[in-house]
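Take a look at the structures listed below.
Common to both upcoming complexes is subunit A, partnered first by subunit B, then by subunit C.
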Partner chain A sequence: MEKFVLRYFNLIRAVIAVVIGIVISVFLIYLVSKDPGFSLQQFLLGPILSRSRFSNVIETASPIILCGLAIAVAFQARQFNVGAEGALYLGAAVGTAFAVSTHMPAFLHIPLVLLVAAGVGAMWGMIPGILKAKWKASELVASLMLNYVAYYLGLYLINFHFRDKQAGYLASYQLPRTAWLAQFIPDTRMHWGILISLAMALLVYLFLYHTTSGYEIRMTGFNEHFARFGGINVFKVVVLCQLILGLLAGIGGMTEVMGIHRRFLWQSQGHPGYGWDGVVVAIIGRNHPLLIIAASFFLAYLRVGGQVLNLMSDVPAEMVTVIQSIIILLITAEAFLSQWRYRIMVRQAARQEVAV
Partner chain B sequence: MNAMLKSILSTEFGFAILRVMTPLLLPALGVAISGLSGATNIALEGIMLVSAFTGVMISAFTKSLILALLGGIASGIGLAALLGYFHLNLKADIILAAIALNMLAEGVTVFFLFMFTGDKGTTSSLKSLIFPALHFPLIQNIPVLGAIVSGHNVLVYGALLAVFLYWLITFKTPLGLRIRAVGQNPDAAESVGINVNRTRMWALMLSGFFGALGGLYLAMGYVSWFSPRMTAGRGWIGIAAASLGGNLPLGTFLSSLLFGVVNALANYLAPLRVPSEFIQMIPYLATAVALTIYSIQAMRKRRRRI
Partner chain C sequence: MEMILEARGILMVYPNGVVANRGASLEVQKNSIHAVVGENGAGKSTLMKVLFGMLQPQEGEIFFKGRKVQLRSPHEAIRLGIGMVHQHLMLASDLTVAENMVLGVEPRWGQLFLDTRKAQEITERVSKEYGLPVPADRKIKDLPIGVRQRVEIMKALYRNAELLILDEPTSVLTPQEGDVLFATLRQLKEHGKTIIFISHKLKEVKQIADRVTVMRDARVITTKEAGELTEHDIAYLMVGREISFERVPPPASVGETLLSVQGLSYVNEESMRVLNNVSFDVRAGEILGLAGVEGNGQTELVRILTGLLPAASGRITIKGRMVNGLSPRGIRETNTAHIPEDRMEDGAAAEASLQENVIVDRYYKSGFSRGLRLLWSSIFRHTQELIGRFNILAPSPRASVASLSGGNIQKVVVARELSSDPEVIIASQPTRGIDVGSEELVHNLLKEARDRGKAIFLTSADLDEILKLSNRILVIYNGELVVHFPNTAQLTGKDLGPFMLGVQREEAVSGKVRP
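Entry: the complex of A and B
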């Protein structure tokens, strides 16, 4: 038992943080709801009670996984670029523009549209990277500002040039069918984007842990000076990791447009917010691609639970934002539960001494 | 074009600059004082939101400006202290913890907004108060200057006083000396008996105080309601303003003034036949550009010294 705790300490800590988050949400529901039992049931079980809602969880997880991977690649190099939101938005907007103005067979159209979105995202993500690598400008502030700029650029592009006035609401023209990602389970919106996300997670895992560039990224994050003296081109690493960030986020936004809405309609509903979800799951998953998949499904489950709650009860969905932030606060707190680990280590050491 | 030029050269434009600058200057001071201590607080966006919300709610339900002011300040300092607790005591990375607190603030304010009003849009259904405007009897009669300087919300003057207060704290008090010492070299400071964590906690709480004033002004002066995410990135622009100003009082003031001018200009460009998206983009783009130019300059200076 004690060995198990020591070995998986970080994972256990994350699980305890999640449990505390859920306990707080139960407490909040009892505090504000007139029918807490029903609300609680809707929140915790709502997402698995119907097929379409369960599919919602998977659909929601898909872009979150991609944004989580995006943020994780940058965070692994200790680059606090939070520009996934902007890269996602602009990538999807330009990708949509490209998709509605070109005609070609699906086997060409789908990859090309994804490529355009990924390319635009990558260029956008790279800007803070270059500013940081060249002049040490804070990538955090630069990426935050560029998120707003990307938002307005995307809005302008769609509203002024690709807006479908017949849609009845603010949205782009519908994508031609050749650029649709098929929904493969009847009565749900589950589309191939989820497979793209999972494949990307695997690729990012292989990249980070089994290639030289991935090693260089992790080493730079571990200790930049050490990396530099070890002959790693830190300039390249700083730019590369943020380029990959934008690339993944761009794909994340585009798959959502191609698989679910088939239009760009984030101008009426504002930012989709997946970029920030990416930050959340990167922290919960400790920047590890495979753990990020689990964290994304967890967050998507909470999100859908929150939507159900919003719809069916008197508790607003923002409760999820509250508990997700408490969870990541606890996970980032290095000293949280460290006393516990320390005591176990002391006890084990004492026992070993007796044995000797 | 001519009409626009005339309106930019008018006294109203000068008045607008001060008005627009205030909710940038106060969070910038908050970032600056925490930055001086070496624990840069980037949760100003969240602090402003929470204080704005608390202030509006207290003023709506108690009809007391004093209570709203105190409550808003207390909530801002409280959130900053929470950041301090997580960073200093629980060893959380301050950037990640601050990102979490910004999210928390966004969620909590909308959650309670809905609980109190049944609406997630604004608090305009509540009768919340605003801080009064001040007219200075002699100054307001001075031509040009009077129209620009007099008649602002009391918190606009509060922000200008806050610059002075910031200078006073950092350069004229033992606490300020400790804050600067801890920021420059925590180990050296510790070796002469300064409690690094306690000093940084003080700096963070002061940053919460400045941020709270900014939030209060935004919801009870700049406009007269609270709405979700109403800070619209001002807390983030504050980070840029503080770093452009080298975390120093005058520098932070001047860089905030610069951003104030840009924001006010953006408001005046609205009648031009340019898509509004481009005009709304200006403050953020200008901040990114200013940050870049500053970084290039700083890099050159460093190179020259070597």
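Entry: the complex of A and C
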């Protein structure tokens, strides 16, 4: 039993964290709701009670997966670039501008638009990388500040040059149909973006663990001195991993525009926030592409559950956010339950003593 | 004979799961010098930290002067009369000797101010009482290590320590300073003090200890009167098998110069001249040893030779080719290997697996990758082969390096560096902090490499290592070469000591060889 606990400690810890999070949620819902049983059911089971809601979970997970992968590539090299949000925003804005001003058949249009968004994202992600590699500027601060620059640049581009004045609300022109990612399940908004995300997760996994460049990134993250000592070009790694971060985030933003709204309309609703969700799932998934998929679905489930709760019950939106945050906080706490594991290890050690 | 300290059945498990002490018991006679010996990682330092209250064991009990005690902090240990001098001294280097002496128990002047004169008096009183001379008004940072250590000892004495624990006190000293320390310890014994002395140098143990406790693998193996044991016996008990301490015979023939350094200087970021006009040659088939107290420019010299630091001026050639300004990979491509002085900093990525660690200098070469793709199955087989060839104790090539012992991690580093079939080997502190058994293996590997015609440049703070392996020796002091011994057959540590301390030096020293 104890050996089992030591072996699967991280998994067990995650499960316990979720359970505790839910217990706290139950308590909070009982505090604010007149019909707590119904509210709770909506929160926990809402996302799987209808096809369209379940589709919502998958749609929401799709850009989160891409942003999680983006952050993970940088974090694996121990570069704390949190610029996924900016790269996503600017990549999607420029990609939208490109899509509405060009005409070509879909088999060319879709990849070209994605390529433009990816390229813009990559350039954007690279800036903190170069600042870090050349002048040791903190990539954390640089990427944080550049998020604002990206936001207002994108806003300017769409609002002053590509705004659809007939739309009746603040949005870009609609993308030509040739640049749409098709929604392939009736009555849902499920679109091809999720397949792009899953394919990218596989690609990133292969890149990190089965290519020389991925090896360079991971070794630099484990120990930069060791990487330099062994002959790895750390300068290149620092720039490359952040370039890839921007590239993936750019695709994440663009698929969302091409698959769901078919317009750029993030100017009225503020930041989409997927870049930040990406940081959360990268941490929960320990920067591993395949775990990030699971973490993204988990987070998307929480988000949709929150929406359902907000929509169907009397629990206010603020409380929904509090509940979500508590669950995430518990999962990401590294030292949570570490004393428990330590006591088990001590007992195991003492037992070995008897055996010897 | 009365026991001043008894520890029974100590079990100490670190939070990472490492069992450092397992049923360890120790009895220390009053008014004796008690040596605790063992390889690195045997659990000596851990046991001492338990006895000083720095660590709380999960099991076991401690008796001090016949009374059972709970040592919850060093503070309590000090109050009971236990003092400890750590390997890395814990003094405030910007304060004077007197100020350090009274730190924490200062004589005050009107409640608020330090009474400096009183502090000086106290220092001089302790100094006179035990016959230990120290300059009370000098700052710690201006004093040699040996004197600083004496201040630490006096600090403990002033706090009425009856039992003094010294953790590897000689590892930072030159042989001359070591002799002075031993004289000090004998004096303290005459004053009725008890001393626990940790070491893994057998010669010292025989020289100073009354009784010896041997530890191996987190356990206490035995405790005996020092007189009953020979150095050979102790080594056998420590390692569990026979070990050779003999000097490596000089090479039969020496070839052409492979590594040549001419007029090398380096100025660090604080504008200090760390290396000044250093010149030497290393030829195929020889080991050139660089001796010196740590921090005299060895680290920088090696980093420059391996491309990790740029030189300010001078010329480095490997096989006749100028290599100044090459990247670490550029230098490796000239067939140069580098065993770094700090295996956890430069030598290995602890969280990465063994196989990831051994390919860092070769992953991009054919056989390990094709195009962008890493060939994990060949890498796995390659690592397995190295594990076998270099006798690395590891469960699998996929095991993380952090899960290995220090000696085995060093073997991983050495295996990587020597298996690239280099012509020039730059080895700094190749056996620092590893056990005697692994040390012997590394020494044999270096000797074999030498006999196969490799040029080896060796730096080490361990004089015995330098003397055992080198056929020529240079001493560095304050960034300058101060003496060159082209012949090492009759050389002893005592010959090198005065040069290492800067007491003696020769003019215009160069390690160049005339063709």
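By definition in this document, the second predicted complex is superposed on the first by the 339 of 356 C-alpha atoms of A that agree within 3 Å, B and C clash if a C-alpha of one lies under 4 Å from a C-alpha of the other, contacts with A are read in each partner's own complex, and residues count from 1 in each chain.
One rule holds in what follows: a contact is a pair of C-beta atoms (placed from the backbone, for glycine too) under 8 Å apart; a residue touches a chain by one contact, two chains touch by 3 or more.
Predicted model, so just to flag it, every value in this text is computed and none were measured.
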| item | value |
| --- | --- |
| Partner chain in contact with A:L11 - subunit B first, subunit C second, else both or neither | neither |
| Partner chain(s) touched by A:L144 [first = subunit B, second = subunit C, both, neither] | first |
| Touching partner for A:T332 - first (subunit B), second (subunit C), both, neither | first |
| Touching partner for A:I185 - first (subunit B), second (subunit C), both, neither | neither |
| Partner chain(s) touched by A:T211 [first = subunit B, second = subunit C, both, neither] | second |
| Subunit B versus subunit C as contact partner of A:L311, first or second or both or neither | neither |
| Contact breadth on subunit A, by residue count: subunit C or subunit B | B |
| Subunit A-touching residues of subunit C, taken from the complex the two chains share | 11, 13, 15, 17, 19, 22-23, 58-59, 306, 308, 327-329, 332, 338, 340, 345-352, 356, 359-361, 363-364, 369, 372-374, 376 |
| Subunit A-facing residues of subunit B, complex | 42, 86, 89-93, 95-97, 99-101, 103-104, 106-108, 110-111, 114-115, 120, 233, 236-237, 239-240, 243, 275, 277-278, 280-281, 284-285, 287-288, 291-292, 294-296, 298-299 |
| Residue numbers on subunit A that touch subunit B, as the complex places them | 28, 32, 80, 82, 131, 135-138, 140-142, 144-146, 148-149, 152-153, 155-156, 159-160, 276, 279-280, 283, 316, 318-322, 324-326, 328-329, 332-336 |
| Residues on subunit A engaged by subunit C in the complex (per definition of touch) | 210-213, 215, 218-219, 222-223, 225-233, 338, 342, 345-346, 349-350, 352-353 |
